[in-house]
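In the part that follows, the structures are each spelled out as structure tokens.
Paired with chain B in one complex and with chain C in the other, chain A is shared by the two complexes that follow.
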Partner chain A sequence: MNISQHFLIMLIIAPFLGFLFALTAQSTEKTMRHNVISVAEFAIITNIILLWRQMTELDLNQKGLQFLTQYQWTDGPVINVAFGIDIFSLMIALSIHLVLLVSLPFAKNSEHPKMLVSLSLLMLSMLMGFLLAADIFSFYIFFTAMLIPAFILVGMTGEVRKSRWIFRFFIYNFIGSVILFIVICALSNYSKSTETILLSNVAGFRLPRVREYWIWGGIFIALLSRVPIWPFHYWIASISGAVQNPIVFMLINLLPLTGVYGLVRFCPKAVPESASYLLTGLEVIAVISMLFIAMIGLINKDNRYKLFSFMTVYCIMFLLGALLPTNRILLNIGYSIFAFLIIIAVLEVLAAHIYYEQQRLDLNTYGILCQAPRLSFLYSFFTLAAVGFPLSALFINNFVILSYLFSYNFNLGLLITISMIVSSASLLKELYVLKDNRYIQPGSVCIADISKKLFWGLGIIGILLMISFYNPVLVLGG
Partner chain B sequence: MMINVFLSLLCAGICSVFYRGIRFQKSLTCLGGGIFLMLLLDVYHSFLSGTNERYGFQWLSSRYYPVNIEFFANAEIYETFLLFLFSALLMMIYMIWDKYERQKFYVFALICFNLALLLMLICGQNTIQVLISACFIDIFGFCLINNIPARRQYIFYTLLADMALYVACAMLWGSFRTNIISEIADREIDSNNYALWLIAIATFIKSGLVPFQGYLMPTDALSISRRNVLYFLSTPVVGFLVFWKMYPILKAHFIWFDSFSYIASASLFIGAGSILVIKKLEIKKIYMNMIFYSFAYMMLLFYGDTALNFKILGSLFILQIAVHNGLEETKKKYGLVCLLSIMQMCAVIMVCGKVDHTLLQPLYLLYLSAMILGIGGLIYEISLSENEINNKWSLLLSVMIVISIIYISRNIPENFYTVLALYIILIAIKPYRLFTRLYDSDRVQTFQGFSGLLYYIGAGPFLFLGRILWLTVDFLIIERTLLNSLARGNEILSRIFKWLHQPRLRNVILFIMLGGAIMAYSIWGTK
Partner chain C sequence: MLVKYVSLFPEAILMAMLISIALVHIFRQAQTPKTFATISKICMFLSLILCIIFYNIGINGDWYINTTYTTFFKGLMLLGALLTGSLASKWFLSQNYSSHKYYFCIGFMVLSFCVSISAQNLILMAGAMLVSVLGSSYLLMMNREVTEQKISKLCYIQDSIIFMLLMGIGVSVIVWHSKEWSYSGIIAYYKKVPPQTEDIIASCLILSGIMSIIGAAPFHLQAVHTAKYNILPVVVFMEIIPVITGVAILVTLFHTVFVAMNEPLSTMMKLCGCLSVLMGAIGAGSTLNIRKIYQNVGLFNIGIMLILFSYLTVQDIQVGLIYFLIYLFSIFGIFSCFYGLCSHGEYINNLDDLAGINETKPYIAAALLIFSISLLGIPPLVGLLGNLYMTKLLIAHQSIKMLGFIFFMLVVLSHGLLRIFKTIYFEKKKINFDRADKGVYFSLFLNILIIIITMIDPQFLIDDIEDIIHSFL
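Take a look at the complex of A and B:
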């Protein structure tokens, strides 16, 4: 086992240790906020360095997971777990770390900073385990385990107004996890050998036709329960609209990406015939959901719902791109997700600042940005980057994804494009509500601008994004 | 050479964009003008030497999607870029005396960026380079507009145009697996390829042709310097340049081509008509630009991308800038610059005059009629009506424009006297009086029919469907039906289990029987 394989485990352990440290931090009000945030920053930066190290070791031309590491979990029955990494999972992992790093300063404003930060670290650890999982058991364990911190985060620190939204959140995700558990049991029953059941081997299983249908149907339902595809979109739409903390918002909105990632890992290009029928049905439902959510985002006045609808549209586009019968655009999807998550995280942080200030001063939304030039500049920049102007890696990579979608199915491509335009228009509409200065009177109360420190911090992220437009791999050191 | 100019412009832009001070504005503007003059002379020198050059580098080295950025230059490209450099120089001269513009050096920086991107666009040989330059120019256009309603309109229209162009390029790449324009043009393109249609729509939106002119209307609130940059170095001109770059692909399909020419013709007539009925001078000027751009599109659509056409369009472009600024304010310097511009135009026309114009005749007549009608209206406005616009220099300028246009038509002798007669009749019978009555009509002056139509056709269905779907699917089906059923089912299950777990004898017997049944099944049932 070489040193890179140990690094994989370290990527899961480092945030977990951070979680333990944060949880045991001294509970005095004066030091608690700074201590836990410092610990979290340290854990996240450590992981970013480790990921960077992995990036330099990766062979970008090699297909499949690299640095595969196996551990024997139980003797009877023999269950092995395996971990591995490729450029796709690495890009997502890196962007998740950056998202957390961007949102972390907002933990100070929370009522429960210690719980918020420690649970975020626990969720990060689970997410890393999920992204590195190479076999069905570790995949299932982390797929379900990440729900525990997510439930607590939403329940305790998410500032959700109604408990029934948590109930929906629980119902949908629980059903998904139970179905995946049944599928995993069925698959391990069909696998006669004692070797590790790798995710990439699942598509190669020769099963009776009816059972194959059920098993693949189960996999799709379990993973789609995370993606906001109709009728599963409702839990995440409700939670996104209700959660006011940027860390919780971002962590909850990472769950759909885990569904997309799961489908990418489960469905290599040679899926059984029964699964290919299901894939067609999935494409139809996905694209209708996409258009549907984009339209609701356009009419909804809630900024968070607009962000959610924008995220959903892109998430489904990534999903449809990943399900195309080609491996060529997987790297483009990874790059796109990298830029996309960072942009959304910054927008969410800025939106949260606006929301807090609005609540504090009891102000109207119209023209709220007019007296805050730093905030206005960053909000405009990241909105333009989000809607598709050439300011990040999103531009060129989405271009490639769209070109493949168009060549695969013109109507599919067209509907995706319309959804993208509608969701972009809703973001721009929100921007101009915030900048509409017609109702601003001279001498009226204004919101506080963001601090210079935060401005420059987010500005550096903007520059990083612009460099990622030029070359994403250069930024990541590959 | 061209890469040096590109980098010089970028450096000048980056150095000056951060200066937001109020002091030394005029001196710095003169300095900016000097930089453009030096670049102009440099490019002109290269143009005279007549060398073709090609500088390129591989931007994306992906196996599946390689993209090269190229700075290819030949005589035609030098000439086209010289036109924009000259325009930028004119704009800097105008800006020195623009008292309403407080951030002159910032505008200079944006001119530098726009010029650099225009150069990248003009030299581009592949769709992705054209697309990126066009989109970047829109971002700088967004920065240029410092009026919120104007910026709002601008960003929505340019988003649509850029998305259309983006999707068109993606479709072309998806179909042909190449982004080199000449290679795509050589392939057989299916007549159902909507990419061509999307390219045309994108360029028409950018140039503000009918029915997309609405986004330019609120820009009348900007200072003249910013308007200059926006109309002549930014989005509208980029629309035309993209059309020109994509022309080899577009010309393969005459069905689409006819439709494009109808839109361009409609823009020309609506532009001419609007000049007459709209009272506000700034809006009249926007419609004059619309006439110019629609004429440019028609030239390209009917007669192709020949060098002659570009010389004519180039001269008219400079003239347009002169008109735009000459009508702005009483300034002797403006008149002087206008004079210089018109002299330059006449020189170009003299060159063009040596070429047979018979092919261009009908189109020229159309354009001349529109321009004469429009300019006649302006002269009436300036000299004969009681309007506050009483500007000698503007009058002089307008007369000179008419002379110049007549000079162009000198090459069409059989029509020259007809045009002149028509013009004199128009002035003599003062038909403009009929239109000036409409100046008092609020309905006409605030008419935004096209923008409203676009809103109802474009955004209306999405808003309507969004609301309906939200109410029916989200609220009625999921919230009230599915989730309520789930919650209800959960409640019923809880009640059943609660009932079963009550400390009653019947429940004890029931559970014992259930345990017995499970045991029996495990012993006998599985055999």
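Take a look at the complex of A and C:
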């Protein structure tokens, strides 16, 4: 086993150790907040360095997962687990770390900073395990294991704690996990070999037609239970609207991406013919859900809901891109997700700042940015980057994905483009409202601007996005 | 020759424990609750050690035997009794309540259970079980109570006695027909003569007696109801120790003695298993009493074990025992947590009392979460392993409908447990808790360590279970 393979396991262990340290932090109220955030920052930065190290070692021309590491878990029945990494999973992992780093300062405002930070680290550890999983068992373990920290995070920080949404959130996701569990057990029984069942080999299984149909149906339902398309859209919409903390908002909205990532890993472009009907049905449902969510985002006045709607529309676009019968745009999807997650995280952090200030001063949203120049600049920059201005890797990579979608099915491409325009319009409309100075009276109370430290921190991220305009890997030294 | 009788030392020490407790109660004036707890601890520990030392030595005959299989269950039971007894001493100290009845009863029950596990004879096994019911009746009646509680306990005792009598009738019929009372004789008889309808009914009666001890549906109703009224040490003991004995005897009878009748018995076990899964999953979501919630979770898991044991291959027994062990560790962990949740000397009983314990008792709250997740089979905890083997086995048996039913009920059950997580983590603190005993933390730490080690390297568990089954078959 070479050093890069050890680093893969370290990527899962480092945040988990951070979780244990943060959980056992005992001190006064003030120092505890400081301690747990420092622990989290240290764990996240350690992982970013490890990821960067892995990036420099990766061979971009090689297909499939690299640095494959296998362990035998049990030998009767034989169950092996395997981990590996490629540039697609690495880009998503890196963006998740940056997202957490950006939103971490907001843990200080939370009612339970210790639990919030420690559970975020636990979830990060599970997410890393999920992104590095190369076989069906480790994939299932981490796919499901992130549910409990997510459930507690949502319940502790949102207004949802007394509602039934929180139960629905768990139950919908748990049903998906249970279905996936049955499917992997069935696959493991049908596979007579004692070798590891890699995710990429699942599509190559040749089974009787009816079984194939059920197994692929199960995989689709399990993974789509995470993506907010009908009939699974309800939980995440309700939760996203009610979650107040940027860390939790971002972590919960990463769950749909885990569904998309899972579909990419199961390699559905090579699905057997019996299951290909399911793909067509899925495309229809996905595009209808996308349109509806974009429309609701446009008419909804809540900024958080608009962000959620924007995220969902893009997530479904990535999903449909991943389902295309080609591997060529996989890297484009990875680069796009990298920029997309960072942009949304910064927008969410700025929106949270505006929300807290609004609550503190009891102000309405009209023209609220006019007297906070730093906040206004960053908000405008990241909104424009989000809606598709050529300011980040989102621009060119989305263009490539959309062009492939158009060439695959013109009507599908058209509907996706309309949904994206509508959801972008809702963000622009919100920006317009925030900058509309018609209602501002001279001498009226205005919100506090963001600190210079935060401004420069987020500004550097903006610059990083701009210089990684075409290919983030080149900029980051891969 | 002498060494065969030396192998009875564990039982002899338990007998000595009963005599010591009785003598101390009669003659010693200063009887603190700790006195009896200490006697119990020493004797149980010695008994456990000797049980392990003489693990394969027994009076080889038609009456009594020690094998790896019996030692495994006896060891588990003695360890469980030792730990529950140790944790219970705090309760008696805090309540300033005489503990001699409790320790005498658990000693008496453990002794009778040891005899019934090692018995190679239907009459000895049934006799020991019947005697154990006397111990459990005495145990249930040990605290002061109001009329409603008394009636509930009396109903439970009455039910237990009825099931034991039915088991007695079943044993009589089989012994009368086969003219044999030893297990080996009965096996040989049914190899020669195909079982008649009355034999099948008799074996069903015997198994129903065993299932009433385990607390499987539909024989569980009073057991679940009395959990609400009993004192915590009694609930913990009754939830763990009889189940170990019941499983040991059930597997022995079903897979060896009644092997000629296992088709109708398998149907009966599947029915009881499904009913237990159904009642457990629904029951957990429909009560506000935390002990009842976890008792229903236990019922659900017992149902799955019955379903697994009802299949007839060696792998089924192996998977059933792995599932059983995982369940046992988790449920013991849950009840250990209850010992750490005491407010003004009273152990909590209601779901609302758990509100906000993540602030006041963060480690106990975390432990409760870990054990509950393990019971649900959610990764990355060891419950996943039980679910994994169970699912693979049911798929191999083509029991897809059964699998669908179990997982549907698991989702229903998860709703019941989510209410506990919600109360612990999302609600504001309502009551203050007393300082928890160090023993509780030690027990929880040990339990969590076992769960983590088993999850990381489950092979040792699988290998051990394999050895045990080989000795049994």
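FYI, the second predicted complex is superposed on the first by the 470 of 478 C-alpha atoms of A that agree within 3 Å, B and C clash if a C-alpha of one lies under 4 Å from a C-alpha of the other, contacts with A are read in each partner's own complex, and residues count from 1 in each chain.
Assume a residue touches a chain if its C-beta (ideal position, glycine included) is under 8 Å from a C-beta of that chain, and two chains touch if they have at least 3 such contacts.
It should be emphasised that the depicted structure is a prediction, and the values quoted were computed from it without experimental measurement.
Once both complexes are superposed via chain A, do chain B and chain C end up clashing or fitting?
Result for chain B and chain C: clash.
Please determine whether it is chain B or chain C that touches the greater number of chain A residues.
Of chain B and chain C, B contacts more residues of chain A.
Contacts for A:455 in the overlay, against chain B (first) and chain C (second): which applies, first, second, both or neither?
neither
By the touch definition at the top of the document, which applies to A:424: first (chain B), second (chain C), both, or neither?
Once the two structures are laid over each other on A, A:424 reaches chain B alone.
What is the contact status of A:231 with respect to chain B (first) and chain C (second): first, second, both, or neither?
Touch partner of A:231: chain B, not chain C.
May I ask you to decide whether A:170 touches chain B, chain C, both, or neither, giving the answer as first, second, both or neither?
After superposing on A, A:170 lies in contact with chain C but is clear of chain B.
Output check: A:403 vs chain B and chain C. Expected answer is one of first, second, both, neither. What do you get?
first
I'd like to know which partner A:389 touches here: chain B for first, chain C for second, both or neither.
First partner only, chain B.
After lining up the shared chain so the two structures overlap, which partner does A:75 touch, if you call chain B first and chain C second: first, second, both or neither?
second
Counting only touches as set out at the top, which of chain B and chain C does A:277 meet: first, second, both, neither?
Neither partner.
Out of 9-17, 45-53, 207-215 or 513-521, where does chain B collide with chain C after the chain A superposition?
For chain B, the clashing option is 513-521.
Report, in rising order, the residues of chain A that make contact with chain B in one complex and with chain C in the other.
On chain A, the overlap between the chain B and chain C contacts is residues 167, 171.
In the complex formed with chain C, which residues of chain A make contact?
23, 73-77, 79, 115, 140-142, 144-145, 147-148, 151-152, 155-156, 161-162, 166-167, 170-171, 174-175, 177-178, 181-182, 185-186, 188-189
Report the residues of chain A in contact with chain B in the complex, numbered from low to high.
So the residues of chain A touching chain B come out as 164, 167-168, 171, 230-231, 234, 237, 292, 294-300, 328-329, 332, 380, 384, 387-391, 395-396, 399-400, 402-407, 413, 417, 420-422, 424-425, 428, 432, 435-438, 470-471.
Help me check something: in the complex, which residues belonging to chain B touch chain A?
It comes out as residues 59-60, 64-65, 67, 128, 132, 135-136, 138-139, 142, 148, 151-152, 155-156, 159-160, 162-163, 166-167, 169-171, 173-175, 459, 462-463, 465-467, 469-470, 473-474, 478-479, 482-483, 486-487.
Please name which positions on chain C make contact with chain A in the complex.
358, 366, 369, 373, 378-380, 384, 387-389, 391-392, 395-396, 403, 407, 410-411, 414-415, 418, 421-422, 425-427, 458-459, 462, 466
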